Amino acid sequence: MSNNHDELVTSGDPMHPANLICSLCAKFYEKDWCLGTGGGISIKDPHTNHYFIAPSGVQKELMRPTDLFVVEGTDNNKELNVDDVTFVRKPPGLKPSDCTPLFLTCFKELDVGAVIHTHSSNAVLASLLYDDFFEISHIEQIKAMPSDKWDPVANKYINLLFQDTLRIPIIDNKNFEYELTDDLLEVCKKHPHSCAVLVRRHGIFVWGSTIAKAKIYNESIDYLLGLAIQMRQLGLPTVKPSI
Amino acid sequence: MSNNHDELVTSGDPMHPANLICSLCAKFYEKDWCLGTGGGISIKDPHTNHYFIAPSGVQKELMRPTDLFVVEGTDNNKELNVDDVTFVRKPPGLKPSDCTPLFLTCFKELDVGAVIHTHSSNAVLASLLYDDFFEISHIEQIKAMPSDKWDPVANKYINLLFQDTLRIPIIDNKNFEYELTDDLLEVCKKHPHSCAVLVRRHGIFVWGSTIAKAKIYNESIDYLLGLAIQMRQLGLPTVKPSI
Amino acid sequence: MSNNHDELVTSGDPMHPANLICSLCAKFYEKDWCLGTGGGISIKDPHTNHYFIAPSGVQKELMRPTDLFVVEGTDNNKELNVDDVTFVRKPPGLKPSDCTPLFLTCFKELDVGAVIHTHSSNAVLASLLYDDFFEISHIEQIKAMPSDKWDPVANKYINLLFQDTLRIPIIDNKNFEYELTDDLLEVCKKHPHSCAVLVRRHGIFVWGSTIAKAKIYNESIDYLLGLAIQMRQLGLPTVKPSI
Amino acid sequence: MSNNHDELVTSGDPMHPANLICSLCAKFYEKDWCLGTGGGISIKDPHTNHYFIAPSGVQKELMRPTDLFVVEGTDNNKELNVDDVTFVRKPPGLKPSDCTPLFLTCFKELDVGAVIHTHSSNAVLASLLYDDFFEISHIEQIKAMPSDKWDPVANKYINLLFQDTLRIPIIDNKNFEYELTDDLLEVCKKHPHSCAVLVRRHGIFVWGSTIAKAKIYNESIDYLLGLAIQMRQLGLPTVKPSI
């Protein structure tokens, strides 16, 4: 009991990572993003630096904080040892999410604070309608997404402008989730400012410096993917041709 | 009162079959899977071996545990007498679901722990777009579905792989629900590892060794059926041609 | 206060007509059947014979029992004086629903216990795709709908069979809701066993001997209308041709 | 604390503007109208004349009354100084919505009591299918919308009739939300009785003399936009040709 470190996942604060993973998974279930046991969320606690990870094969809308795995925290994400993970909490009878290597690689290599993975059918359909990138331009919601342009005054990357083109790389699916790690890293090296990657015939991974940002990016992308599919059905191009 | 055996359906545990049937039916109503009084769920209690069955003609989202029928438990499903059912609880003024013979036959012949039946419009539409089988391949969510390959180490059937083809048999509808029993059994004999059968112009039956598994299969199938219908509308094949 | 007869609409029983109208309107709002202030429900109390009617121009999901109008009860619906209605309760500052003459005419002439009216977009679209009747056959959900065949043993009309054709008459819309009364009555005289009429470019009226039946019919019809629209989009006929 | 004027946004009344903005934003999030941090609502308190405005970049379904900005009230909207706004409450660490200049301009120039802005995908799609105006006629829900015809007896503008044509002007999007102000005003001068303007590839602004009216208009318009897109997909014209 006490050596199971329940205190790591027990908090009255709805913004605690263990509570947030559960409440957001329940919300995402309602949006049909994690039916069956698909999808998942991983969050780095900004205070303790612990990484919280959902279990495998669990109905996401029923998940409780005590179902979560906790990986030993590292102040610097780069020091995370992905190949030999030290769990400081393992709920009995459960296995960590198959996405664990992918989630931890995102933390380590992309230096982020939260990763969301869904099986959104918009993501799957878009991955069948586009080749190497999903692309959309000239839609207001694009302004919710980060660009690669650094603002030295605000000390952050500015968001895309309305007339910019959002480009999300698409990688092909593999038989096992962990096999996606190298392809994800490779595509992220080529496109270091992307906050998402579509996995063809599978779904999407979205990340951000905080879970709030990752959630905002994920919702905005799914809205744009859904809009793009409807635009295609109506014969409208999703990237506005230059005049 | 006491001879109505209310104690069989009264429990503070949300995972008790009587509570689960009601909460899941309410959830399925929200997903438009059991509008009107359509659809239903039957669960075998893994502790008492009783079979819990919903009543006929009841609004599924309003159903209460006391509305449920209970069939005498058998340790071995094969001993279940489908033709001469012994109810240990019959709620006054109600009739058991028209699906009762079908549900009990699934328990007995397929040796399962739970059966879900819905009128999902995805199921009805797919049954009109496919002939003998609904087929889809190369979609990640397929990995939530069981295959016919036995894993002697894990002592269970492994799930489908990503590049496998999920095939769900389709049988034609009949005038009365009980008339479907023979056709369901026949198609299950030919495809003993299927966990679902589509009934053309009617809906779907899905089963599993536990209600959790049956729910996961049902949600995954409905996601795949919906995806397949959208793929058809976009002119995309649902089984990826071999290269 | 006391002369406003709040006691007529005050009850702790969720099945009291005043509570049911409010809870069902909130549910129907979630289904997009009564956005803005559209749609409404009227119920005859089977105990007091009072008729409960929603107010006009009120947001349906926010409606409270005290917002409801109550029309003097008649044991025999035929004695209802539609042209000179006696309200036994009028909430101050509100007007009765524009559908009041239509609702009361349904009670009187069709001798029903509840009437539901929605602006369902499935109903509006179907009214544009069909001429005099919406027709669908060979769908299991049709069995939730009543037929014109009397069962002398059960002392009621039996429901449609699977291979029967559900036919719902469509009348043209008029400028004012009360102007629909004559057309509704005329079409009901020709089709005395219909439990619903579609109003072209407007929505649907559905009735039943109880509010539970009217709700079941309404949900089943909306499911069938939605299915029919999808079938049309996929090039499938909604009435199966005889072989 | 006390100089932050929390009392302006603290009320037990669910109809208080600070509570309504939060509950409606949560409701609109469920309808996919303000995903990410898109959209917003501004309400003038009819009692204190204060203007309540949502903050920028906040997840709308999580917004709390204490997150709201309050602009000094003016009895006469025309006296509102849009160029030099006096905030009587600024929540620490937050910026007012990017829509603030647009919202305040609506209050001042259109003399309204509430403004709703959403990124509804129906609005975005319709803005791509129509040129200068979205137009629809002969649909019952149109009767929820105001016309330009003054009723001297009722002392108000009457609503559209069933056979009238609802016309909503469409303006082109700009890079920054405040840049839309002049175009919005210009189009409103030409169409002074419109209660909404579509912004191409962006969303919609809807207003009314009260938040209840603005909400009813917004819901009715979104229903009509959704219907129009489906009608287009089915090859049906949205304005009925005169005979």
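As written, the chains take the letters A, B, C and D, and residue 1 is the first residue of each chain.
Methods note: contacts are C-beta pairs under 8 Å (C-beta built on N, C-alpha and C of every residue); 3 or more make two chains touch, one makes a residue touch a chain.
Going by UniProt, the chains are A, B, C, D = Methylthioribulose-1-phosphate dehydratase.
Not measured: the values here are computed from a predicted model.
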| item | value |
| --- | --- |
| For chain D, the least number of touch steps when starting out from chain B | 2 |
| Farthest chain relative to chain B (centres taken as mean CA coordinates) | D |
| Between chain B and chain C, centroid-to-centroid distance (C-alpha), Å | 32 |
| Rounded Å distance, chain A centre to chain C centre (Cα mean) | 46 |
| Junction residues of chain A, two or more chains touched | 233 |
| Touch-based graph of the chains, sorted into line, ring, star, complete or other | ring |
| Which chain pairs touch, all of them | A-B, A-D, B-C, C-D |
| Touching residues (chain side chain C, partner chain D) in the complex | 32, 35-38, 59, 119, 121, 124-125, 128-129, 173-175, 199, 201-203, 229, 232-233 |
| Touch list for chain C against partner chain B, complex | 138-141, 144, 161-163, 212, 215-217, 219-220, 222-223, 226-227, 230-231, 233-234, 236 |
